[in-house]
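What follows is a single structure, written as C-alpha cells, with notes after it.
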Amino acid sequence: MRYIRYFLGLLFIITILIFISFFPISSLLWWQSGALSRCFFVLLLCFALCLLRLMLGPTPADRAVAIDTLGILIVGFCALLSIHTGRDWYLDIAIAWALQSFIGALAIAKYLEGRGFDD
Amino acid sequence: MIEIIGIIFIIIGLLFNLLGCIGLNRLPDVYSRLQATTKCVTLGTCSILFGAFLIKGISTTGVKALLTIVFLLLTSPVAAHAVARGAHKSGVKLWEKSVCDQYAEDDK
Amino acid sequence: MGKRLVLFIFSFLTWLILTWPVDLQHIIVGLAVAVFIAAVSGGLFIQRVHHFRQPTRYLWFCYYIPVFLWECLKANIDVALRVLNPRLPINPGIVKVRTTLKSDTGLTFLANSITLTPGTFCIDINAKEGILYIHWLNVLTKDTEQATQLIVTKFENILKRIFE
C-alpha cells in the first residue's frame, strides 16, 4: 500500500512538471494566440480530479466537498472565459454562481446534519 | 508590463487549483480534504480573478472581479465550516491515525 | 434610523460596483432599490451603529487585511508542500481553544481567518462559553491554553479592536 502511494505521488509530481513546461516564459502574451487553451486544460484536469472524488467518495460528505470545490472552480473558469472572449457578462455568471453554490453547500450541510430544514 | 504581472497571477492561481484538487484525492479523510480544498482552491480562484482585474484594469470586468473576490473570501470558509459540522454530526469518523478528537468528547 | 442608513450605504455601493460605468439611470434605479432594501430589512444585519463612527476601527481593519493575506499565502504553501510530499506528513486531530470575543460579527471573522490560515480549520463554535473546535492538520499540542496561544491570539488582538 505504501509503495502504491509513493508511485501515485511521483506520478502527480511528473504531471505538474509537464504542465509547468507548457508555459514558456517568452510566449507569455498569449491571449491573442491559442495558448490560453493550455490554461483551460489545467482547469479541466482539476474538474476531472473533482469528478474522480465525486465518483469514489466513500461517504456523502466527501461528495459534498467535491461539489463545493467544483462550484468554486467554475467561478475561475468564468473569469478565464471573460478574458478570452472579451465579454464582461461572464463575470455576472461568476458572481451568481458563487452565491448559488454557497447556498447549495449550506443546504447539503443542513441535510447531512440530519435535522431538517426548519431550524 | 502590468499584463504580464496579471498573467503570472493567473498561472499561480492555476497551480494552486491543481494542488488543491490533488490534495482532494490524496488526503485520507473528509476534514483533511476540506483543509486542502478550502485553502488552495479559494486562494487560487482569487488569484485568477485578481489577474483578470490586472489585465482588464478598472473597467466593468475588473471591478466585478474584485467584487467576486470579496464574495468568495466571505462565503467559502462558511460553506466549508457548515459541511464539516454536518459531516461530524452525521457520524463521519476521523482518520484512524488521528491524534485526538476533543469535539466528540465534549458532544456526549 | 442609523441602522437603515448604514445598510443603505452598503447596498448602494454594491449596486454601483455591479453596474460599474457610473451613469445617471443606474444611479436613479440604485437609489430606489437601496431605499427599498433598507426599508424592508432594517435592523436585521447591523446591531451596534456607533461602531461605524469611530475611525480607529477602520485603521485597524486596514492593518488586518495585509496580515490576513500573508497568513493565507503561508497556509497555501504549507498545504501544497504537505500534499506534494510522498510520505504525506500529516498528524490530524480536533482540539479545543478558547476565545474572548463576544459579538457575532467578530466570531464570524475569527472563524474565517482561522479557516484560511496554516493547517487549522474551524469546525464548530460554542458562542455562549467562547469555545472553538478546530481541526488541526499537524497537532503540536493537545493542551487548550497552548493551542489558544498558537492559533487564536494573533488574530484576536486585532479583531478585538475592530469589532468589540
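Think of it as A, B and C in the order they're written, each chain with its own count starting at 1.
What we mean here is this: a contact is a pair of C-beta atoms (placed from the backbone, for glycine too) under 8 Å apart; a residue touches a chain by one contact, two chains touch by 3 or more.
Note that this is a predicted model, so its numbers are computed, not measured.
Asks: Line, ring, star, complete or other: which one describes how these chains touch?
Replies: complete
Asks: Which chain has its C-alpha centroid farthest away from the centroid of chain C?
Replies: The chain lying farthest from chain C is A.
Asks: State which chain is most central when centres are taken as means of Cα atoms.
Replies: B
Asks: If you average the CA atoms of chain A and of chain B, how far apart do the two points sit, in angstrom?
Replies: That gives a centre separation of 10 Å.
Asks: Can you give the whole-Å distance between the Cα centres of chain B and chain C?
Replies: Here chain B and chain C have centroids separated by 15 Å.
Asks: From the mean C-alpha coordinate of chain A to that of chain C, what's the distance rounded to whole Å?
Replies: Here chain A and chain C have centroids separated by 24 Å.
Asks: Which residues belonging to chain A are in contact with no fewer than two other chains?
Replies: Chain A, residues with two or more chain partners: 9, 12, 16, 95.
Asks: At least two other chains touched by the same residue of chain C: list those residues.
Replies: Each of 18, 84, 88 in chain C touches at least two other chains.
Asks: Which positions in chain B are in touch with at least two other chains?
Replies: As it turns out, chain B has residues touching two or more other chains at 19-20, 22, 26, 34, 42, 44, 59-60, 64, 67, 78, 80, 85.
Asks: For chain B, which residues count as touching chain C in their complex?
Replies: Per the stated touch rule, the residues are 16, 19-20, 22-23, 26-29, 31-32, 34-36, 38-40, 42-44, 59-60, 63-64, 66-67, 73-74, 77-78, 80-81, 84-85, 88, 94-95, 97-104, 106.
Asks: Under the stated contact criterion, what part of chain B meets chain A in this complex?
Replies: Contact set of chain B toward chain A: 3-4, 7-8, 10-11, 13-15, 17-22, 24-26, 30, 33-34, 37, 41-42, 44-45, 48-49, 52, 55-56, 59-61, 64-65, 67-68, 71-72, 75-76, 78-80, 82-83, 85-87, 89-90, 92.
Asks: In the complex of these two chains, what residues of chain A are touching chain B?
Replies: Contacts found on chain A: 8-9, 12, 16, 19-20, 23, 28-31, 39, 42-43, 45-46, 49-50, 52-53, 59-62, 64-66, 68-69, 72-73, 75-76, 79-80, 82-83, 88, 91-92, 94-95, 98-99, 101-102, 105-106, 108-114.
Asks: Which stretch or stretches of chain C touch chain A in the complex?
Replies: Going through chain C, the ones touching chain A are 18, 84-86, 88.
Asks: Touching chain C in the complex: which residues of chain A?
Replies: 5-6, 9-10, 12-13, 16, 95
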